[in-house]
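Each of the next two complexes has chain A plus one other chain: chain B in the first, chain C in the second.
Our next item is the complex of A and B:
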């Protein structure tokens, strides 16, 4: 388990990092927490010629209040997300999801942005970020651009990032006061989701006024369960309404289809209760 | 007979090994750095069955730091065949087992070339520059298909059938004829179970260092068997045994997986001899999973006959056992070790066991924790539940009415063994009480009638096993190539400190602690004054090493005998020193005294007197050391009752163990903390077979579970709090009364879990679920659909990355 030889670069600003990426060309890679990239390197499934370590870019760490939304720096670790008050108050779903990721060691190193850029459909942060209508703020040679989550996740391990771009921040609208839950089925504690469902629900005057539901690991990327969301609007937060809506999470009869429906029901039930 | 108020034996001491093992501040093989050392990396076949038509090493040889690149051709003349020490039948087919493939590979992971370089990094880099051309041969993976002999793993053998081994109680004169029992039975149950392939998954990967300095071959290896390894390496290479020294420094687990003479040990030795320089090889986890031996992998067809009242009469066992591509050290014998245990604690009139060993293009199988006995225990405990279901009887009742009663010991079994002692009633009563059996049955009934989404199951395993391997004459009768004795030496040092040398080879079990406790009690010296030396053939010149839960029952007994010899000699000298008759000498708390007087000599005084030898009795040799070797008369038979409650989520198929009680009878306990530790670890591995672990291959024979991301191991968070307790029925086959506890937890727990899950969902129409009982398998069974196999939703720790084929 020894990776192939690579050059190691340690930029101190985002601009420098972007420049290095351009200079090193197609075979250069950004390394954040290394929790997905290092195993890939060690198994020699990838052999980048240069690694650009963005661990020194303090401008990419932490969560900021930006009016109607939060800005989560790409290098914010899972551990920091778990303990952040802004996240707790305005994007509770993200904290609940992050609590289920891997184990404490990995949560101390792995990053919010790294998880999204890695774009493993089994990764837990993709579906909630999609469901919460987050926007990716990306830095490249010609400046910054914004890409909505729905366009960011392209396929298995593939995002809208160009080879010379870096994810800088993720803008997450505030969901203050929404109930939330992440229902994850995995076999052992450090294993990834077989299927998981992220749900955030707003209940006003005994009626569901808005809902966000995202499915983890049911396809080549995160899936937004819009059918479920629509079926919930205007309904009471009752078990009947939830069961009815959850059926729309999937129409197939395979194991994962079943899980999508069952876990959606459970996620919504817990979200409206909390 | 002790220096301290409290006896050492039975004390829950923390292990003296703990600090160094837990912090890693110790000598693991991979930590060794020798001057001028070269590093070996192994190129492994990516295909399961192929002819090697060409190997081009020119690019690799030119890479930085590379000393030489070697292929099978380079070793063909000197590598011989790796040993198989257990030819189970006279006509067993045994293919040559080269350490490195020469012109044909027979499993994916087999060594095809070596890079020897100045660093592990350079060696790994150059591997990628070796070009090998393979010409594919048909791949044989399925045992039943293999037996049709359409495609052959080893064409020269003419068949994929390795051997058939039979035990028949009527032929052996220890029971009636099983076919008669089946023909006349009121009830006959036939079931087929699959023991999936498992990977021992020791924590420390294998590592070997060979040094040829000063005309000696010194081999350090992360092995369980330094003594056997030395013997076998000498036999294979022709290097004189007295010029070979094998050292097993601290070893990080084995579970049978390091009970092996590995290709890499042999190759390192040959390379060091060729290069005249020290050589190191340390494997990666994936390499370990691809090439270190696997375990289990059997298909078990079981027929049980009984009367309508629940009395069992006959048991017929027909096994297919997957050998993999080659016979390693004890490969063919592992299923045979189970032959004596399928009848378990029950009184069958007739028993027949037929095992067919089969070659396939997979990694060789061999010993894995329990070796043969977990398979047997699983089958019989599953069958007892099936019988209970068939007859509508309470599963514990049906066991109780068939098991050997405590007053019936010693008991001659239908498999030809004599169980010396046991008390199944006592262990079961204690387990039922701790478990709250009746309350849980009530809870189960409530959930069933309310149609709860989460159903409750209760699983029973009333097991026994055979350990304390082994009486040498029995091993001889089974055609095993070695004996089963063990040896110990005690060196009494002039300052009164004690060195113990043992032929056992601990790799995490805590022998240093327990051996010290035994000696402290026997000799009345402080625990801290005893040092235990092991694992180096230069200090511990003979031994049969550690496996088969043998070390305490056999090696501990040798130690007791050595201590008795020390005391006997010391008593003679003490009498001489105190000028009294030996018959008047008493020994207590480390001191000799003359009965009825105040004259006292401490053992230390006597040892010093023996050492300086100024005044010894006529004819007495100086010194106070002693050696003893013990060959047991019989195996020992731990037993116990394990009860497992599981909650099965019928909507997701997820299984959660809600309560686990293990009451084991492992005989007299030396150190309860260590016994609990062995039970806990054993349970984890047995539960993991039931729920998590499975080595799978694709249709090309590539192992698809070659990382811990795909091969699921549970961790502490995934397992329940275990409720453990013991009953104590001492073994009569050794003076310690110890039976053995290294494997019991693994042997007992797998059927307890599987029985429990089935018990939870049987009323929903489920009759069986294959192991490991993944949520997908459980859910699929609940839908009444056929088993989906291991499935593609194993979902381990690398997300969707497929370690073999890239990102899926």
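Our next item is the complex of A and C:
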């Protein structure tokens, strides 16, 4: 189908974009890579009156080193994240997750920030961003504010962003030297997760010293498996310890509960191995 | 809105509605019907073109988002009446039946080969993940992409593909007396 009519605006700075959003009112929307929004417009599931295209805001692209953490620009594409050496060295989990998103064409256009703002519970970046304790840096009419991932994801397709706010950067603490793995169950013809588990594990002197585990698509938003994380600390990276900890993964739904446990076990086994 | 887009080497300046999809701009305004539409959801990949040298699904973009950029479609691949090596490889490996997926498959295969000059089976299948074919069962498509990789190897090309008379005549006859 052909999308309904809208006005198209192309700001050249974040401040200008925020001003345009405020002026155009509630029914205006940001368009980033458009890989979720364009199909929504085509199927007329939404009919925004104005689209503010942030594709020209070069200040929002790329990954920067910020001491103890990385700053990932909201407009950094999946393709760029896959090839970024800072991500590879300090947030390996994000690269492994991004490798599984959609297909090459979608990854050329789709953005890191767009995935998080869209907040599809099956979106792959939500759980790892939550598990890695990332912080969202948001621009609005009264300046910038920071929202931890745990407060950012509110419900199905709903975030803490107000209608006149834009996600600018995502701050991800460095996890240098941690093992990581993303274990994803999906249909062959569709890359979307049925259930997936994002795991990052730090092993020191033969003992698990820290762990981060996030679950994709087991509820209305990403779920952090804190019970699993706690059960791993101080344990050897053995299959017994992992199986024991994985039993604590839970989704509240029988079928997905079982999947969550099995996939957590696999994700942890692969994460401690590398 | 006024846009200026370079498509297959020609710059076009046009007035378009913001809601016009890039694929419809290519097909209906520029008559580049080589690029086709197969779905409403961004899944099939039939509409794949290159935007500034990277593959994208042209049904997943607005024409206004291509303003100031360079687009290459299946119609821009042939040079001086000669098919692109990937097009040739699809033809000689029977990599199409109805042919509907072919323009997208070829555009995506070229993108893949830019990153992977000698892809194995698995790499080709992964690289073509976003392109669906309802006819072939993919076997010959994978073969064609691997054949194209050989044709495009450094040193390969029209010259190397020719058998010179000298080479042929130096062959010894095989078999009995």
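One rule holds for everything that comes next: the second predicted complex is superposed on the first by the 269 of 274 C-alpha atoms of A that agree within 3 Å, B and C clash if a C-alpha of one lies under 4 Å from a C-alpha of the other, contacts with A are read in each partner's own complex, and residues count from 1 in each chain.
The rule we apply is simple: contacts are C-beta pairs under 8 Å (C-beta built on N, C-alpha and C of every residue); 3 or more make two chains touch, one makes a residue touch a chain.
Just so we're clear, the structure is a prediction, and the values are computed from it rather than from any experiment.
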Contacts of A:191 with chain B and chain C, given as first, second, both or neither: both
First (chain B), second (chain C), both or neither touched by A:41: second
Partner chain in contact with A:121 - chain B first, chain C second, else both or neither: first
First (chain B), second (chain C), both or neither touched by A:2: both
Touched partner set for A:225, first chain B, second chain C, both or neither: neither
Partner chain(s) touched by A:71 [first = chain B, second = chain C, both, neither]: neither
Overlap of chain C and chain B interfaces on chain A (superposed complexes): 1-2, 4-5, 39, 43, 102, 189-191
Chain A - residues contacting chain C, complex: 1-8, 10, 31, 34-35, 38-39, 41-43, 51, 53, 55, 79, 102-106, 108-109, 189-191
Touching residues (chain side chain B, partner chain A) in the complex: 120-121, 124-125, 128, 284-286, 651-654, 692, 707, 709, 712-715, 717-718, 774-776, 779-780, 788, 791, 793-801, 803, 806-808
List of chain A residues in touch with chain B within their complex: 1-2, 4-5, 36, 39-40, 43-45, 102, 118, 120-123, 156-157, 185-194, 217, 255-256, 258-259, 262-263
Complex contacts: residues of chain C adjacent to chain A: 1, 17-19, 21, 24, 40-43, 45, 48, 51, 54-57, 59-62, 64-65, 67, 108, 111-112, 127, 129-132
